[in-house]
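Paired with chain B in one complex and with chain C in the other, chain A is shared by the two complexes that follow.
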Partner chain A sequence: MTSPTAALLWQIWRQHRETVAAVILLTAAGRVVDVLETSGREAGAPADSSPLTVLLAMLAFLLLLGVFNYTESSGDRGLGSFPRRLFTLPVTSLRLVTVPVLAGIASIELLYLLWLDPLSRDGSLSPPFVAVLLAAMVVFYLCILWSLERAGSLRLVMFGVIAVALFVVGMLPTLAPTPPPRLRSEAVLGGLVAGLAVAAFLLSWRHIARVRDGDDRSAFRVQPLLAWIAEATAGSRRAFATPAAAQFWFEWRSSGMVLPALVGLQLLIVVMPVSWMVRHDAGQTFIILLAALAAPIVLAVPVGIAFAKPTFWSEDLAVPAFVAVRPLSSADIVAVKVTVAALSTLLAWLILLVFVTVWLSSWGNLDSLSRLAVALWAFHQHSTAAVYGIAALVALAGMFLTWRCHVSRLWSGLLGMRLMLVGSIVSIVTVVIAGLVFEIQQLPGWLVADPARYAPLSWIAGVAVIAKYWLAAYAWRGMPPRYLRAYLLMWLAGTASFLALGLVVWGMLRIYLPLDADRLRSVVILLALLAVPLARVGLAPSSLTWNRHRS
Partner chain B sequence: MNIPLTVLATVLSALAVYLPARTQVFTRVAVDGRSMRMLVAGTGEATVVFENGAGGPLEHWGKVQPEVSRFARTVTYDRAGNGLSEDGPAPRDGRRIATELHRALRQADIAPPYILVGHSLGGLYIRIFAGLYPDDVAGLVLVDPTQEGNDLQPSGHPELAALPGTFDQARASQIRSGIPVLLIDARGVPEVPFATEAFRALRATARQQLPAESLAYKEWVERMPGGRLIVTDHSGHNVPMEQPELVVDTIREAIAGKRAS
Partner chain C sequence: MPEPVIAVDHLSRSFGDKQALSDVSLAVTPGCVFGLVGENGAGKSTLIKHLLGLWRPQTGTVRLFGLDPVADPVAVLGRIGYLSEEPDLPGWMQVWELLRYTQAFYPKWDTTYAERLREQFGLDPNARIKTLSKGQRARLGLIAAEAHRPELLILDEPSSGLDPIVRRDILEAIIRTVTDQGRTVIFSSHLLDEVERVSDHLAMLHRGALRFCAPLDDIKARHRRIVLHFERPQQDPPNVSGAIRVAGTGREWTVICDAGKIHPAAMARHLGAAVVDDTTASLDEIFVAHASN
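On to the complex of A and B.
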């Protein structure tokens, strides 16, 4: 090697050349698909890129971020920290940090250039603005990876929140009124994001330099604050009344606050600024409200995957000896986890509902929501109670859906078999990809066009209900009746919420759309019976027992 | 096996087998080779035929038809080009629509006389039907109907594009005297909850047209020997959804009027 910089770049290439090849292949495939679709399009048809092209582009960009995951693992953590062995190189810390950051920026800009035509076809954003956002994304990504290493895999969720924030920033100039006011112009937003990216870069550099000097503390000096919060919220210092109470304290302290914190974070950095900027646009209020309500459910998916493991912050799926020797049965431990998930969900939704109340009652533009409420009121024979009831049902069903995402993978995570956990994650990714490829937004229209099309859906749901409840009867054998009673209450409340909301929606759909109302009602009832996990939670204690005795 | 959950699984399995088998039975009739969807329900000496407003499927009568089916035979259908019926030939004016309905009823073996119920634009169509087939009609219920001269914006929808012709046909249509003709004039609820200032202003503008509409309804009904005007302040234009019980009661009254006549 002629220089340390070349050596650093060569190392990135050497470690990730297969991934780079995959990025090139995806890009080539995406461009071919795009050319074929564009040439086969009728004159006057919409010029947007197809979902398949967008999906291939997304995969290429995601893989590129994988290439610049500039960390190395140590111990049981899957996502590591800045490679410590590089500290021995005869180069400054600034260069150690700058080389991967600049290489990442150059690569993502090159990739964007290759995808420029299909991704900028609608012409809503100027390419330089998108290029600034992409460069900033790479800087934030590396800053989070290097500076928050103690957060483990949760860094990916944090990056997800930042990526969503950047996406929202990218949307701001396109919102009405157009052209946007100066505060929402591409120049101002681009400058703001670039400034934040420079600050993040400087923070990363300072952190790496400190670590290199032997000071291994986090760049974000929140440790004293966290210690103070822990001290203040420690509660009674008396001995725990039961081993289950001690286990609850342990679980809550290690993972209970993660979902509420993430929900609060996205409200603070995404929803609040955006809702303020578009406060004069009634149509946007409704869209932002929907996005805010969906956020806990979406965030509960990655949090639920981490929560399903025996230890939230570790990539090791074996039960730690510390937990394995507790004087608690596996059912006790699972019951504690289910309770912690419920409280975590409640807190997350409490934060969300308080925010929504403050937002809508102060700076929210209520015109579109008012129309919706009046339409619901008129449809339900002028009943204000019905409108409030529907709003309460939406919140309740959202809470149960969040809690469901939190606990539904316990059975596979506690089993300790990586293949099972990865399999359940892959199933989520597959559903998302399939949804994009097959343009899932067109599914309702396709179903409505011919009622015979949802006949198979009702039979599939019927078979799934039979399989679920018989598996539940098997999985819950030998479990303490008190747990079954308590969980059945939870199941009943959740199922009743989904059923009530489903029937309310069905009641409206059957009046407005040409449907086979009876069959659609059957589908709604069967889906409500499938929504709350029963068999999977029943299987979790036996999974944990197996893993516990293996440890 | 856990006993309580085995019981639950047994019950829900029975439900899971029963539910997918439940389905609504629609009648398909062919008019000029084009398929039209119909929902026939209930039994009774009277046959009530419902005509939708612009663009809606037969499901718009979903709150009314099940109630009326308790005491009469009821027929809702998708006009050609609406809901799940195939497109019909142009122009889609009232006379063509009334003729197609007449053929569709014959195809489905639904014998006259009919009590015709029309909402909004459907009000014009049942008036034209009553003029074309006077012996087949035993009563009319017009639910906040469109009137000749109403300022409807022509759109891409073929029925609205043909509206000038439909207005002329409705104006020329003679309704046989002696049959009950009941007209529901929905003036809208004076005050609505959840309304913002902008929404209230919009409603106030729309309500300015109400007195003229009500006067026109009154004058039209006074010309009908068996006519009666029913005014409601408890519903907006979508009476079948907002105040279905009023529509049901009015149909009941029309059936009673038919018996009396």
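On to the complex of A and C.
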């Protein structure tokens, strides 16, 4: 090895050579699939790449990000932090930071070059603009990993928010009108993103240099801010009335603010600027509104995975002795977690609804929304109350769906088995990627196109409902009646809201569907009965007991 | 005879091929300080985790106050104070927050006592736990474990890696606890002088098996340290049947043995040696003898 830079690069290669091989294999397979499909395509057929090609490309890019996860774990934090052992090398901090960043940028650009043909075939974006976005993504990724190490696995969610923001920025030049105004041109947006990436790089460098000098504080100073908020909202120093109240305080302070904070962040850095940019476009405003309403639900999925573990901020899945030795039953602890999730969800939705109200009443273009409201009003015998009722039902169902994503994995997370947790994450990622690649939005159309497809769906949903209630009866058999009563009320409220919304939407869609589709109404009812977890929450105390008293 | 606070009966536990606990049986009576010693990996922490109900017995039973800590954790844990070597206190909490949080779980929490200890230990109530030194954390953990005046105080190597002042605080806490009538302490430690100072009963674990479990005075009285002098240098250790350990070189050899099993003069005659010293073995010598046997 002739230079420190070569040694640092060799280390990345040595540590991740299997992943690099997988990236190369995926790329080769993707290109072969693309060539085969392109050669077999009829003249005049759409020039888009196939879902399989896009899936392979996405996997290759995701794995490449894994290669440049330039951190080392010190035990209980799975993602780890910037490798501290490198600080003893006779190398400047600038070089320590620059080598992985530049290597990451070079690698992702090379990979993009290899995928350039299939990924840029539709011609909507120019390759240099995409290249800038990809390079910036690598810089933001490493900046988040290094500078916010105390956030643990939540850094991946933060990176997800940044990635979504970059995706939205990438879409902005394609929005109407064409060509876009100068503010939304590729040159201006590319320059803006590149500038932010440079700032992120400088911030990372400064942070690592400070850590090396013994100042281990976060570059973003999130902790002092959170601590200040916590101090301000700490309340009295009086004793807690009950052990459950103390445990609630503990859980809330540990993780209760995460979902509301992420929703607020998403609104601030994605929805607010984008909604301002498309304020003259009613259609885009409506789409942004739908995306904003979906944000808490989507964010509740990764937050729910972390929340399901015994300790939110730790990768260790065992129940910490600090909690395990408290004279509190597993059912009490789970009840506290379920309540914290409910309050967290309520707060997240409160932030969202306040923002949406301010946005729509200030700079939002309400034309599309008004048309929809008028259609609903006309459909429901000119009843304004019905329109407001449907809006309230949407918000209520959204809240229950968010809460569902928050608590539905408690039973597997509290079990303390890494395989279950990883399996849960892999299944979600697989479903999301498959949904994106195979265009899940076409599923309803495919379903109603052939009445023969209804019957199996009804049977599957029916069996799932029976299995759910059978399992629920088993899971809740030993639970204290007070928890059973309280949870049943919550479950009933959630199921009723899904049922009501499902039937209202069904009533409106029904007129557009063929006569045979009537049988789908029972599927809507069955799906509503499946939406709110019952058995899974009932199983959570047993999982915690199993983890708390290990065999 | 009073009902034992702790009753462990034929407890065994293995992790894969490793036998962590092997057929351990012991009983701890109320009001005693029970020292638990053994080298690293001997099974002390594993035994304590069974007592706390954090591990489910593979075979055998564990009872605290006559209750199963796995089946009835709330009733058992409410009567226990626990301090481990590395108290995993949440770093984000402030000192006063931890005490307020812990207080909620124990109806017998003595706020005045907790406050007095906090002041005595010089802990700033507004300090964050992550900013405290290891010694300060140990002291805070001790307050949290002791302020509800538990019937059973379990200390799992609490003084490991701590300075003498913090160790003194911990020992004083043990003494305070036993002066309260009927309260019991389980004290696991590597530091044999500390164990000797405060314990009245002692158990030693070696590779998961219980080597001895008896009142400390009995253990010390039972173990003898006999120094033998040979006329000629011995290449190999003399074969002393019933000895726990034989160590030395040349003409001088030291035998640690059970006093009830060996008669020193007869043994020396049999070996062709002379007894030059016959004293009570120190706890350190007893520990080393059993650990190396």
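Convention: the second predicted complex is superposed on the first by the 538 of 551 C-alpha atoms of A that agree within 3 Å, B and C clash if a C-alpha of one lies under 4 Å from a C-alpha of the other, contacts with A are read in each partner's own complex, and residues count from 1 in each chain.
Heads up, the rule we're going with is that a contact is a pair of C-beta atoms (placed from the backbone, for glycine too) under 8 Å apart; a residue touches a chain by one contact, two chains touch by 3 or more.
Note that the coordinates shown come from a computational prediction; the quantities given were computed from them, not determined experimentally.
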item	value
Partners on chain A (chain B, chain C) - clash or fit	fit
Chain B versus chain C as contact partner of A:R550, first or second or both or neither	second
Which of chain B and chain C A:S254 touches, first, second, both or neither	second
Partner chain in contact with A:L148 - chain B first, chain C second, else both or neither	neither
Contacts of A:L513 with chain B and chain C, given as first, second, both or neither	first
Partner chain(s) touched by A:T242 [first = chain B, second = chain C, both, neither]	second
Which of chain B and chain C A:V211 touches, first, second, both or neither	neither
Of chain B and chain C, the chain that contacts the larger number of chain A residues	B
Angle, in degrees and to the nearest 10, that opens at chain A between the C-alpha centres of chain B and chain C	140
After fitting on chain A: smallest Cα gap, chain B-chain C, Å	19
Interface residues of chain A shared between complexes with chain B and chain C	none
Of all residues in chain A, those that touch chain B in their complex	282, 366-367, 370-371, 373-374, 377-379, 381-382, 384, 387, 449-451, 455, 458-459, 461-463, 465-466, 469-470, 472-474, 476-479, 484, 488, 510-519, 521-522, 525-526, 529, 534
Chain A to chain C touching residues, read off their complex	227, 234, 237, 239-243, 245-247, 249-250, 253-254, 320-322, 324-329, 548-551
Touch list for chain C against partner chain A, complex	52-56, 58, 70, 73-78, 80, 82, 84, 87-90, 92-93, 96-97, 100-101, 103-106, 111, 128
Complex interface listing, chain B residues touching chain A	1-2, 4-6, 8-9, 12-13, 15-17, 19-20, 22-24, 26, 37, 57-60, 62-63, 78, 83-84, 189, 192-196, 198-199, 234-236, 238, 241-244
